[in-house]
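Order as written gives the chain letters A, B and C; numbering starts at 1 within each chain.
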Amino acid sequence: MSHAPLGPACAALLRRDLTLAWRRRGDIAMPVLYALIVVTLFPFSLGPEDALLQRIAGGVVLVTVLLAMLLALDAMFRSDIEDGSLEQLVLAPQPLALMLGMKILAHWLTTALPLIVIAPLLAGMLHLPTAVMPVLLLALLLATPLLSLLGAILVALTAGTRRSGMLLALMLLPLCVPVVIFAAGAIAAAQQGLPWLAPIAWLGAALALALVLAPLACAAALRIALDA
Amino acid sequence: MTASSTQAPLLLEARALSFYRQDEPVFGPLDFRLREGEVALVEGDNGSGKTTLLRILAGLLHVDEGELLWRGERWQRDAHLGDIVFLAHHLGLKADLSARENLAIAAGLYGARDNMAADGVWVDIGLSGYEDEPVRRLSAGQKKRAALARLLLLPATLWLLDEPYANLDRVGIELVNRLLEQHAARGGGALVTSHGAVSFLGGEPRRIRMHA
Amino acid sequence: MANWIPLWLHKLGSPPMFYRFAGTLRPWAMAFAVLLGATALYGGLVLAPADYQQGDAYRIIFIHVPSAWMSLFIYAVMAVASIIALVWRLKLAEVVAMESAPIGAAFTFITLVTGSLWGKPMWGTWWTWDARLTSELVLLFLYLGVIGLYHSFEDRRQGARAAAFLAIIGIINVPIVHFSVNWWNTLHQGSTVRILGPSKMSGDMLWPLLTMMGATKLYYIASLFGRVRTDLLAMESGKDWVRQIAEQEARK
């Protein structure tokens, strides 16, 4: 008898989630389409004035990406709960926090990464100066994993309930306020030609902390929510 | 089962085990012992707490009252993960993956018995020819067999099978019984729930009666 | 249960004991709350002199500031009760945490409304993205999240445990939100109107404020005890002690 070693177990889980996402590639495109639609609506509602759009571009792209991620967040554990594979994962002789970390990573790769890839396009539609683009991407690269990690804890907490996306939004809002403030702050500062490193550093520090703590919190939350 | 197995070492022991949901007793107090090489049938009406019992033993639910011993020591969830395999009503199969891929993931998470090759499993389980079909295209009985394949491959000592006979044809029922017999012969233990009268094994199994 | 918890606390944690204890204390807490509240209002609205800058408008602080203080205090109580509930699975702690949430949310709401009323004469607008008001708004969402999560579970105890976990995440989040909102505020506004500068308040204004803080605390205790008693009866409806109470009530 031999228990499974940790590395291959992580790889197996990551590969499974990525394979599943690939077999349903249509679902990956949905958040991207959603973000495109939302960004398109802004010029219609505010008028196509360059200066105005340029001023709000960073914030709009950031909030749009956040909303698109929120839309996909609900699905992080849902199918696993419905078909019983989450129970099998909880009972596996592996550290649950690390396994959930793998699931969060897979989720980030399949939902947030495509959004980051089209972010320059979205920002370009709103005339964000090219010079600010790297800061936008950097802010997104730090902010989106934070949101995935924080969101995973909340999704785990609602695992035992009948689904309600609104509740998830309500619970996520207070947690994402600092993330939005610092990410948008960095973009705004870059746009005004001010130093933008401080807010980015704060985001980086928060991400480092969340990378360690969020999977543990997620595992604890899941244990509470499944204990029914 | 046989007289000799009463001398086998204790695997699992429950003392005055009770479970409450919203302060309403679901079952208990319940006492039972399971020795190595023993298969016990958990019987009871609908709602008598059969599934709840298995979920507690698997470590998914918290023990409210009573004691649970594993090989004579206090049962602890994290210490016995991997010693237990739980086949629940939800089979834990990904519908978009094939039976083979599903089994590979289970083996990746739980490990595999040293002498088992994953490829031989499909003939044993009666699913050969279908192992590369996505699970969503299989019939209910075939899905059950795909889940049963885990039992062949994973190195667990205690099997907790919730309604393993449901959806299975005569051959499938015999398959479950054969798997259980082999498992018992290796010194493993199993708890099996069933609400129906099942022609069970060769001899008479141990029975655990559940009542609220 | 850990050994270092004093025995009396352990006993008080049992639902029947707490039910009796809370039943005795509640009327007294309520009576003193009303008494102190009335005194504070008289002191604040009648005796205290008008502010040389704001005139009579400032008098809303006698409601606004104690409410704001309570909104944070109750969140802290809820978080501590949540930790106890999760670590020791104490039923009473779950109930205290979950029944604190609506009271805290109500105080937060009052803080926001009075802040907005005060903002009209002060800033000429009903709402301004002042750092304190914004933090208070986020706090309201935190409360609503806890309440919403609690009620979305069918099993009340499970809901309480999940919501308790959320409350603990929230208490870590509160200082982060406060810090980030402050940073954001200075970034975008340059200067904010400071409502409460370093305390230069005269004694005539200070004592009603402190009295009101005592009154709100007592009201919280009275309100919480009433809610917890009701909840305990509902949750323990199958137990003997509840049956005895029901029989006593029936005999009256």
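The rule is short, and it goes like this: a contact is a pair of C-beta atoms (placed from the backbone, for glycine too) under 8 Å apart; a residue touches a chain by one contact, two chains touch by 3 or more.
Not measured: the values here are computed from a predicted model.
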Each chain counted as touching chain B and chain C at once: A
Chain nearest the global centroid, as defined over all protein CA atoms shown: A
Greatest separation from chain B - chain, by CA centre: C
Geometric centre distance via CA averages, chain C-chain B, whole Å: 49
Averaged-CA centre spacing for the pair chain B and chain A, given as whole angstrom: 37
Chain A-chain C separation of Cα centroids, rounded to whole Å: 33
Touching two or more other chains - residue numbers and ranges from chain B: none
Residue numbers of chain C (touch at least two other chains): 155
Residues of chain A engaged with two or more neighbouring chains: 227-228
Chain C partner contacts - residues on chain B that touch it in the complex: 21-24
Complex contact set, residues of chain A against chain B: 1-4, 8-9, 11-13, 16, 19-20, 23-24, 79, 82-85, 87-94, 99, 226-228
Residue numbers on chain C that touch chain B, as the complex places them: 155-157, 235-239
Residues on chain B engaged by chain A in the complex (per definition of touch): 58-62, 81-86, 88-97, 101, 104-114, 155
Contact set on chain C toward chain A in their complex: 86, 138-139, 141-142, 144-145, 148-149, 152-153, 155, 158, 161-162, 165-166, 169-170, 173, 176-177, 179-181, 183-184, 187
